[in-house]
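Each of the next two complexes has chain A plus one more chain, namely chain B in the first and chain C in the second.
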Partner chain A sequence: MTHPIPPGTRDVLPDEMRELRAITERMRARFEDAGYGEIHTPALEYEEVLRRGEERAAGARYRTFDEQGNVLALRSDMTIPIARVVATRYADVEPPLRFCYFARAWRAVDRGVGEPREFLQGGVELIGIPPPEAEAEVLALTIAALEEAGLRRHRVGIGDGSLYRRLLGALGVPAEAHPALLECLSRRDLVELDRRVAGLRLADRERELLVRLPELRGGRRVLEGADGLVGDAVHGLRALHELLEECGVGDRVIFDLGLVRQLGYYTGAVFEVYDPAVGFALGGGGRYDELLGRFGRQLPACGVALDVQRVHLAQAAEEALGG
Partner chain B sequence: MTHPIPPGTRDVLPDEMRELRAITERMRARFEDAGYGEIHTPALEYEEVLRRGEERAAGARYRTFDEQGNVLALRSDMTIPIARVVATRYADVEPPLRFCYFARAWRAVDRGVGEPREFLQGGVELIGIPPPEAEAEVLALTIAALEEAGLRRHRVGIGDGSLYRRLLGALGVPAEAHPALLECLSRRDLVELDRRVAGLRLADRERELLVRLPELRGGRRVLEGADGLVGDAVHGLRALHELLEECGVGDRVIFDLGLVRQLGYYTGAVFEVYDPAVGFALGGGGRYDELLGRFGRQLPACGVALDVQRVHLAQAAEEALGG
Partner chain C sequence: MDSDLAIAVPRGTIFGETLDLLDRLGIDTSEVRSNERKLLFPKAGIVTMRPSDVPTYVEHGSADIGITGKDVLLEQSQRDVYELLDLGYGHCRMVVAARESGDPIGDALRRLGRVRIATKYPRVAAAHFAETGRQAEIVEVKGSVELAPLTGLVDGIVDLTATGRTLAENRLRVVEEIGVCTARLIANPVAHKLKADQIDRIVERIRAG
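Presenting the complex of A and B:
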């Protein structure tokens, strides 16, 4: 008789639990010292309310019914619930508002892909501050918190989450072709992207732009010499880089003009956190200036979420490498 | 536009969160010092696997489907998942085994009753030790952990979870009448119990026993002068009381011969944790000697689960009373 648990979930035994807790506590202490108060929200919410935050993500969630037949969904992140809390419990509180969380979230997985179905997220949300100041604060804090958690080699990739979408629009690429192209980009499947771009009715120069942009990845030099739409995006990222330099973390960031995040609510800069010791992202985030407005309180905002389990794996991998 | 959350769930804001965390950390430190290693298990499990632990409780859970159409259920406690972990991940480890947890669990609620749908449970499981040693260890630890969390007035009610069931059987009360009688008892509705017992075909002396037993509640003197089935149960409780006296917590316990717990897996002593400063139980537990066998590893076991939020309310209420 076996007693399986669902793929993408895990039993965490005491030795590992102690290590995960140590990481959580160090990160939390760093967030709280910086003025980010911890919030907890229910795991089950009305699906209709979560949908106000993000239509697309709501469909992928685990749904159930309450005793009255209302549809409940397991949260798939903490950004939407915190936006709801800000609009309701903090409706009369002057911004800026700073919150952190350490909470489990759930996402649908394909069997076999090995993606987690349940994961422990630790993150921050900074509400009410425009770019690039909020981005700089959140990224400097993220880098410091990971250092507190024992990482030394971690880096943050920074892109503009709306750039590629706007570019597709400006070039007149039909809207129905966008999702597949963005999907290639978010999977970093540049071969497939190339194939799909080749099939679009565009001038050679335009196709070239769509294929080359995602390859622009590196330090500050990536931000030089661009014009048009790309020039506008790069202008904002340059200002962010200056602030990060002032915070002493300018050398920890990688600009990546092909970076897009799967969630639909990002409106500006997007982030992805890496560690060269492991082959997966530790987390990510970005600017979401429209999400709070959907709950009735129009405020700019920016946040990062880290997968604590992956942070732990990265820390162990760094140690193994003599990090 | 309002953005409600389901009845029985809560948003926890930073001030309260800090206090809940302080309680959690103090209780966990006490559990770990006593050799109880913390375990985490997935919130979503296969319903079929959870059902192996307890048929009745499984029906009340929130159910959803995975991508292959399997039924998943949100755990309603941590005792069944830990029994599963012991039978699988610790299959070859010699008992005794000691585990603790701090995890959310979910239960169905009736709207209007004001019961929590999601709650944070902290508890311990002691596996492989027979009565009354395990009960004494678990109860002394529970009392100490609550003291660590700031409580001073807390008490533990102790009963025999199978006594009333066995008594009903011995008196020949038809099995179909048992659930309603046990339900009255677990709600402590002695008026309704009286009414139902009056309708049973029994001798006056037998009816008297069924109605008086739940009224036997108090210190060690409750355990004196009983005979028959009640005498056997009382004998075990007397041995437990002696051990608790040795641990210096004999004066913190109340014997309660009408105590039954709703969950079906308790086979011996049952516990309920109170604080006179608040009108609700802070948690409970008991002995469950058959649960692990259902997962293929026959071991006696005993545990307690506390509702951390209620512990917090009790602590605040004690403070308000000048506790």
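Presenting the complex of A and C:
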């Protein structure tokens, strides 16, 4: 007889638990040292409140009812709950505010095998500081915390979540064509993107720009090569790179002008964290300047969340490589 | 060529043309050509596998880039891989086919309200019939799909055809075309960033012809 657990969930036994705990302890210590106090919020929230943060409640999928018939949802990330906390419990506190967390979150398994339904996220949120200072602080701290966790070759991809949409607007591409193009970009189906762009009424140079932009990724030279419309947009990324250089992590970042993140609340820079030992991103984040305003406290903010289990996978793989 | 990329190469109908392409890129494929049973060729950076396994290895990062048919990518659309280039070869059509005589699909829909379709591409088939507003019962088969309508198992099939000869030999005819499929170059999302230079070099050389 078997007693199954839902796919995408797992039991953690002592050996693994010890290693996970070691990773989270080291990362937490690094976050605390940098002034990021740890915070915890309820796993269950009123769905209506999560929705104030984002229409899809950041993809929260598990719902239930309380005794009064209110709809409760299992949180799908910590960013929305922390925005709620800042607007309520810290309503009168002068920014900046710095928080870290290690908490479980739940998402639907949309893509099938191997995707987690329940996962442990570790991350930081920095509230009340405009770009590019906050981005530089958060990214330098993320890189340092992963170093602390035992990774050596990790890198951060940085893009601008609204760059492509702004570019489409500036080139006068009709709004009804945007969703399909952005969908191609987010899946990086460059063949389909090429086909769709070929059908737009644009000059050859403009078409070239739309097709080539997702291929622009790499070190600082990516930003130097950009001019015209893109040049203005990457102005902010250039300033960010200078700050990261000052923090000594300039060579750990990859600028990726085609990078977009799925979550709807990002308004500026977006991040993804990689390690060459594993084939998927360890986490990500970005700037979300409108989220807090939806809870009644208009403050700029940015943050990063890492999937601790994936960090563990990368750390184990690095260890196996003798790193 | 100085590349430490791991390339997933599909054994199957596009194997030969894929090796020709790699030759043109300066990757030595002679060892691959002379070893039918060996799967892993570290010197050339090549792993060989079934075409339908290519997205699995690339998604996981066990291969940095890979080559496979668009038919495979359509069927496994949930895979998180980047599709970089249409390689042009391996030209096939994904079609709906039925017996030559009469209109078995139309008859089934009219009289029974649904059609039974055999295929190796259940997602593609289900999506096609859903998009065209017809109820379909999809029967997944692993072997020769042409057999299914001949034995009365189903009313029609969804399959890939290059020349249409196998269909004709089994007295089946194409009734609808779902799309054209060619070989594609795909990449792992992380490798696409961390090994950007090597991948771009390959993409540019293929583009240049």
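One rule holds for everything that comes next: the second predicted complex is superposed on the first by the 297 of 323 C-alpha atoms of A that agree within 3 Å, B and C clash if a C-alpha of one lies under 4 Å from a C-alpha of the other, contacts with A are read in each partner's own complex, and residues count from 1 in each chain.
Simple rule for what comes next: contacts are C-beta pairs under 8 Å (C-beta built on N, C-alpha and C of every residue); 3 or more make two chains touch, one makes a residue touch a chain.
Fair warning: this is a prediction, and the values are worked out from it, not measured in the lab.
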Partner chain(s) touched by A:A87 [first = chain B, second = chain C, both, neither]: first
Touched partner set for A:A203, first chain B, second chain C, both or neither: neither
Chain B versus chain C as contact partner of A:V109, first or second or both or neither: first
Contacts of A:D256 with chain B and chain C, given as first, second, both or neither: second
Contacts of A:E192 with chain B and chain C, given as first, second, both or neither: second
Which superposed partner A:A43 touches (first chain B, second chain C, both, neither): first
First (chain B), second (chain C), both or neither touched by A:I5: first
Touch count on chain A, higher of chain B and chain C: B
Shared chain A surface residues [contacts with chain B and with chain C]: 110-111
Complex contact set, residues of chain A against chain C: 110-112, 155, 157, 187-192, 194, 215, 217-218, 254, 256, 272, 274-276, 278-281
Touching residues on chain B, where the partner in the complex is chain A: 1-6, 9-15, 17-18, 21, 37-46, 49, 52, 62-64, 66-68, 70, 72, 74, 81, 84-85, 87-89, 99, 104, 106, 108-111, 117-118, 295-296
Residues of chain C that touch chain A when the two form their complex: 59-62, 78-80, 82-86, 184, 188-194, 196-197, 200, 203
